[in-house]
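Same chain, two partners: subunit A is paired with subunit B first, then with subunit C.
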Partner chain A sequence: MMGLAVQPMLLWSDVLLFVMIAVIVALLIWARRQDALRSAWGRVAKNRVAMAAATVLAVFVLIGLLDSLHYRARLDDRAGTAAQYAVEVHSALDALLSQLRLRGEKTYSAPLATHLFSREALENSEQREFPRLKHGGAHLGTDLAAHENDIALRLLLGAAGGLALWLLLLAALHRRYGVVFKPALKVGAGETASGAVLYTLLAIFTLFGIAVALGGGYHVFGTDKVGQDVLYLSLKSIRTGLLIGTLTTLIMLPLAVLLGILAGYVGGWVDDIIQYLYTTLSSIPGVLLIAAAVLMMQVVIDTHPEWFATTAERADARLLALCLILGMTSWTGVARLLRGETLKLRELEFVQAAQSFGVGRFAIMRRHILPNLMHIVLIALVMDFSGLVLAEAVLSYVGVGVDPTTISFGTMINTARMELAREPMVWWSLVAAFGFMFALVLAANLFADAVRDAFDPRSSA
Partner chain B sequence: MLAYTIRRLLYALPILIGVNLITFGLFFVVNTPDDMARMQLGAKRVTPDAIQKWKAERGYDRPLMWNSAATGSAALTDTIFFSKSVRMFVGDFGRADDGRDISREISTRMGPSLAIALPTFVLGLFVAVSFALLLVFFRATRLDFYGVVLCVAMMSISGLFYIIGGQWLVSKILHLVPISGYSGGLDAGKFLVLPVIIGVVGGIGASARWYRTVFLEEITRDYVRTARAKGLPERVVLFRHVLRNALIPILTGVVVVIPTLFMGSLLTESFFGIPGLGSYTIDAINAQDFAVVRSMVFIGSVLYILGLLLTDFSYTLADPRVRLQ
Partner chain C sequence: MILSVSDLAIHIGAARPVDGVSLEIAAGECYALLGESGCGKSMTALGLMRLLPAGARVVSGVVNFEGTDLLAQPETAMRKVRGGGIGMIFQVPATSLNPVLTVGRQIVEALQLHAGLQGGAARRRAAELLDQVGIPDPVRRLDEYPFQLSGGLRQRVMIAIALAGEPRLLIADEPTTALDVTIQAQVLDLLDDLRRKQGMALLLITHDLGVVARMADRVGVMYAGQLVEEAPRAQFFSQPAHPYSVRLFAALPDMRRRGGNLATIPGSVPAADTRHEGCRFVERCSEAMAECRTAPPPWREVDASQRVRCFLPDAAAPVALKLGAGETASQTALKPLLEVSDLQMHFPIRRGILQRAVGAVRAVDGMSLHLMPGRTLALVGESGCGKTTAGKAMLQLLRPTAGSVLLDGVELTTRSASQLRPLRAKMQMVFQDPFASLNPRLRIGEIIAEGIQALGTGAASGNGVVKQRVAVLLEQVGLRPEMVSRYPHEFSGGQRQRIAIARALAVNPQLLICDEPTSALDVSVQAQILNLLSDLQRELKLAYLFITHNIAVVDYLAHDVAVMYLGRVVERGSADEVLRHARHPYTQALLAAVPRIDGAGKTVVKLSGDMPSPANPPVGCHFHPRCPLADEACRRDYPVETLFGATHAVRCLKA
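And then the complex of A and B:
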């Protein structure tokens, strides 16, 4: 009996993520046809910092998407039975990184080390010694003197490989689109930011090449307490960060837009009720409301184990619930902004003209008010992202973050924190988590700034 | 003024009732007390007796909203809603899981929280506003550009990193101050220095950048041009005119948080082992002590509403044109 070698699996968060990507693509196509939006995006595209940041973000998104293609591996067939699939859920990224995932050590080891971090009693020796790693530097055999040379060689090879890949890309661009190198690579003068994008890609390719070359023989960022490769954990954390940063805002946006416009345009008792609702919600300190809601959500999940077939599904449900809770506590700010803007728009001539033509209330809100609020929505979306990624780490520390089995920056930091008192210090998990998070958040912040400058009518003067 | 205050306080009442209903809904309706008991006791020790005992210890064995067994007003008062939620309005928060009175715990822990939060707030405000003014003074130069880049980079760093990195550098490598702990009186100083500095440094990126935007918006106004045309030096223009006029947007963002300083900071207090309200809250969250979390939610919103009221009053101080009526 033949079946697929893997069983594709869609977690709820994957579904939402792909729906979101589809919506963004649709919006982009729509925006291309609108002159005002096209010129605003044109301003973003000319901003060198923004485009460099966008390139970095795109790489993060690519990693996140690869990590969202989930499957369950097929177990060995026994004759006469239907195909059986493993309980563990893996993603395409896991498959690509199986080198990193499967080559675990026993416990902590420093970056690029060949030995474990702490002494242990060995079988055939009286003294306690640093045991040799199973995989880190295993290709060296007993020739440990070659360790440093090997690392240097791999560094060089990796960087050269990255450079070669980049040159290949340039050549391909030249063949396909007739890109001429000299003007395209010029940074500073010129109309486009192509130089910034290409140089960012060069940096990323070089890092990628080095990571591949070193990762083939060593643990680039060391291993954690149970011997997992820290580089692998960091890459897996990206998806969680992206999900929390985007889904949260998207979940709350429809509510915020609907209530904000209704309050601003309809006014009267509708306005009173909506204002009361968001004042009440926003008067509860954010962390506490989130903590209370997450505690209660935990009780619900724990008392209904029958809802989830696998632990991955349970962790996924918790992640989504966290997004939902974060969204419920953060829609108030956007709703307030939209209400204020709607109040202003309501008095403008084109809205009054529509009213005097007898256009219905809801048609006015949809056709005349909503399109003029989209820049606020977009700005809120990009501005909230980085804050949410940072918040995830804090919430996991407080104990109301993602499921402990979900790999995220927060859980990485939280487990590494326990080892801070150790002497000498186990620093690599922390540095890796903070480093990746910093790159993601900085890129998002820089990009968000450019988007705000381009779309905010006040700043374009 | 008095009439305005009273009216504002009356407006606050429905909001507080709303907060109360939300927390009640979250803690008692989404999950029944039985669910909570089962979760806290753990799978092994769950027996109907244990659940009953757990509920009785906490006073959760009463009906939710309406006690049909009682007579008269007791039908309303002898319920979870009345004893746990309504009583909060008179400052009765009940007991924590360890049996201590929450109100007393709060009043003793407010001191350490304030000792950290107040200096952090004042110093942070001063440093951020000065830095922003400096950037605005050198606007459209390289200094301004790199200053903004520094701000964006600093606000992209996780708050946890500032704390962990600061503790590592100052306490572990340089051995300047103890890594964590607290003591009353003047001794507290050496425990407070590091958390305050870390709090200030960690907050400077976002706030300095925001103040810079506020100042830049103000600097394009006509009165600034007039002041320069009179021949006033830029220093005077900035400090006397721009700073004063930018006070309203700054106050809007700043005064609200003053009362909430009492709540302390969750992260700082738990990392530095300071026995304030922030660490109290974190401990309660980790121990799933729902009574304490519920109380802190309520107090937090009371203080926030107080902050909104103070904001309005501060406008009249900053801008004589504003009248409250």
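And then the complex of A and C:
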């Protein structure tokens, strides 16, 4: 019996991520048919900064999605046995980046280096030398003098490749929509800030081309303590950050919306209980609460090894647990906001008009309160995302974040911190993690700002 | 001329809220800028002061104040002019004072800037100013915070601050719109008095013809960013020349038009970003000619003092006064539709850790009234007297503390929410603010159908029947059925109020409680809504409980009137009895305080002071602290109801 070359695997977080993407797409289709929403999103689409940020976000999401298509590779068949699959779980991104993943070095090496970072005693020699890297610059052979020229050439080639790719895209768009290359770069009939999208894509394509060209021969961001390529680690971290940011909001939002509206609309003892709950929750130091919960979860996971077939599944369970815990502790702010807004809305006359028709409480909350809170929910959603990505980094740094085997910005920073003290400094892990996280969070924040401006009824004249 | 503005134009993006305004104000003169909302009056004032909101800019014009062009001055020089040369007071006294600073600090700040006074001298002058604007016990008031003052006192403090720099021109932007009539009368008196004593010019911005009649020397009528008529007051009121001015007068409700329809101006003010080829009023004018559409009308001098922007060779013909049929409703019904007795609505004041009730705000404190089917009862009173609360308590939107409400003989107060539901179809409410009373996220069709669905009045009916009913309702209130799928923000204020009325009518109510349904609307639109309400009453035999503070509307619409003061009805009877033979001194004062457009100010009773707090009503007759007739007995006992005739009842010992 011949099995597939790979066995597809769905981790729980993958399922949730794909469900979420499906829901977002469905929401977008629904929103297109709502006039008010469409005009608000139209305002976002006209905002150049927002569209540039959205493009960057889209690239991050794409990387995250590629990294969520998991599989187990098939082991070499032996006659007469059923197909055997590897214990290791890889993703489509791993497959694409197999060059980066497999070409490990022994230990630290600086970006684009040809030698290791520290001297070692070489065989057949008394002296301690910088050993050559196994892969970094291996194509140069002994011709080390060509190192700089080679880098410059690859830079140029990569940039040219990126530009060519972009021009191809333009040509494709031109054939599809009849776009003329103008400074305004208008695509379609709308006033979408498509110019911003295209120029952002140009920058991204160029960087991509350079990374491919350089990555073919060197470690672009160097290697870490155990010789893993830092660029690879950074790209793998994106999925973790995205998951933490989105899944947590997914857990937090229903709680916040339900409790906030209930507290504000029903009032009385319901309000008292909910308020008591969130004042108590928010007066316990967040990190302490999360640390306690994560440690408890860790014990549960460790005592039930039979639940998990692979380490990836275990790490995934821990990641989900972290999302759950972060969600349970971070709903208070949004709930408080929504409660206040509901208090205001329930005194408005359209709510009283509904009451005078004898419309039930829950129908009023659903028909009259919730739709008028959606702009706040949306704003909270995008604003919280970046906060949570940063929170993961902090928590992993403290050691109560994701599983140590999960690659994340937090774990990268955590492993890099000790090396900051050595001279000369090992800076690249930290800088790479910082750069990627900064781009992700900045893009999310800029996008959130534009969304808030577009949806805030007070700012739209 | 202390101020002369020529050709001032202000643009905000594509909108042109002010589009070529020229006016002149002489020293000591009161110039009234009259217009409906959105016509650019406030923007003109802000433009003069160069206090325009972000995005708005002056594109042309000269503002000459005492010989200097303000638009050419640097910002530092403007700071001296603002407050020093030109003072300004705003519409809402509650938000124009800083809530965390004492009144004294805020006046002294203005004195330091513009009079160069410091320390003790400034404080003494501040007390003088408070005294000047008629605030009793000024020295104590200096150390109070704005929240400790009533609306009328706050507006006086604003005036005192504006006076601190001894301005030669005071711009008052709707200075009394947010105030009650009795307080409005006090503030207008004060402004008039100050103007005469100090020779200060006054630019009064208002939409209220009554205020204009009371205050102005000259009147400028603004429409869609332009002045369309300028005239001395007497001439403006006796022979308005522009068709718009003529129709404004005709749209005012009053007694003579009872039972008939008010003249309305069709449509509404054009949006500020409309481009005008010809006359701006042409779409709403019944005398429009061909040339009105092609070229903007030039100024035409009616005589030396009056000019008008209109092609008509003579003054516009006055709109024929449609005299009403007078009393309309039959009085045959013997059983009242709504009978309220001794209704109380108390809100507990809670203090301390355990939130124990230490007192109560007696918003409604034992009120009784009844309403016959098919008639209109007006509930009149100043803000804070509990009239809106009473309306909501009758509908059981607020559960009354005590008392009984009988609707068609059925007691409402003891019923649970689910028992009330079938009765809700009989009584509905139309709210004050048409912008807050429609859910912005629902389509018009959904809004109107909500009641039908919730109460199941179209129970057996399917979706199609509901849709048909919505279409009928929309036509009934004068909107087109194809508007069902639009959202509220696509409608003007008047249209929204029509939608709110259609929503209430959807369940075939017998009683409609209208809570100030026209107070947020302009005069011309108000007339449309009042006409609609009286047409509907004739067609559907509706009974209205009309909650309002606008006496003219009452006079036009109401069959019976109940006057409320501090949670109780102090006088009730037929409209004629209460409005023309008022016996309670409060009713008399209320009626006298209404500015009349014929300028005949009755000088009967001028009320001093404000309404006391309903949390702590005075002992005895609630009105005695403000009553000119009060004596020992009034301070001791709350008066019982005295009947004059079959229907006229008054709670006063002196009546």
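Basically, the second predicted complex is superposed on the first by the 450 of 461 C-alpha atoms of A that agree within 3 Å, B and C clash if a C-alpha of one lies under 4 Å from a C-alpha of the other, contacts with A are read in each partner's own complex, and residues count from 1 in each chain.
Just so we're on the same page, contacts are C-beta pairs under 8 Å (C-beta built on N, C-alpha and C of every residue); 3 or more make two chains touch, one makes a residue touch a chain.
Keep in mind that what you see is a predicted model, and the values were worked out from it rather than measured.
Visitor: With the two complexes superposed on chain A, say which partner A:Phe350 touches: subunit B (first), subunit C (second), both, or neither.
Guide: second
Visitor: Contacts for A:Phe434 in the overlay, against subunit B (first) and subunit C (second): which applies, first, second, both or neither?
Guide: In the superposition, A:Phe434 contacts subunit B only.
Visitor: Applying the touch criterion given at the start, work out whether A:Pro285 contacts subunit B, subunit C, both or neither, answering first, second, both or neither.
Guide: first
Visitor: In the overlaid three-chain picture, which partner chain does A:Asp302 touch, first (subunit B) or second (subunit C), both, or neither?
Guide: In the superposition, A:Asp302 contacts subunit B only.
Visitor: Applying the touch criterion given at the start, work out whether A:Arg367 contacts subunit B, subunit C, both or neither, answering first, second, both or neither.
Guide: A:Arg367: touches subunit C, not subunit B.
Visitor: Have a look at where A:Leu446 lands relative to subunit B and subunit C in the superposition and call it first, second, both or neither.
Guide: In the superposition, A:Leu446 touches subunit B alone.
Visitor: Does subunit B (first) or subunit C (second) touch A:Gly358, or do both, or does neither?
Guide: A:Gly358: touches subunit C, not subunit B.
Visitor: Residues of subunit B touching subunit A in their complex?
Guide: Going through subunit B, the ones touching subunit A are 14-15, 18-19, 22-23, 26-27, 30-31, 35-36, 38-39, 152-153, 155-161, 164, 167-168, 172, 260, 263, 266-267, 281-282, 285-286, 288, 290, 293-294, 296-297, 300-301, 304-305, 308.
Visitor: Within their complex, state which residues of subunit A touch subunit B.
Guide: So the residues of subunit A touching subunit B come out as 276, 279-281, 283-285, 287-289, 291-293, 295-296, 298-300, 302-303, 386, 390, 393-394, 397-400, 409, 413, 417, 420, 425, 430, 434, 437-438, 441-442, 445-446, 449.
Visitor: Applying the document's contact rule, which stretches of subunit A touch subunit C when the two form their complex?
Guide: Subunit A residues touching subunit C: 35-36, 348-350, 352-360, 363, 367-368, 371-372, 461.
Visitor: In the complex, go through subunit C and note every residue touching subunit A.
Guide: 55, 392, 395, 397, 417, 420-421, 424, 427-429, 431-433, 436-442, 447, 450-451, 454-455, 487, 500, 503-504, 507
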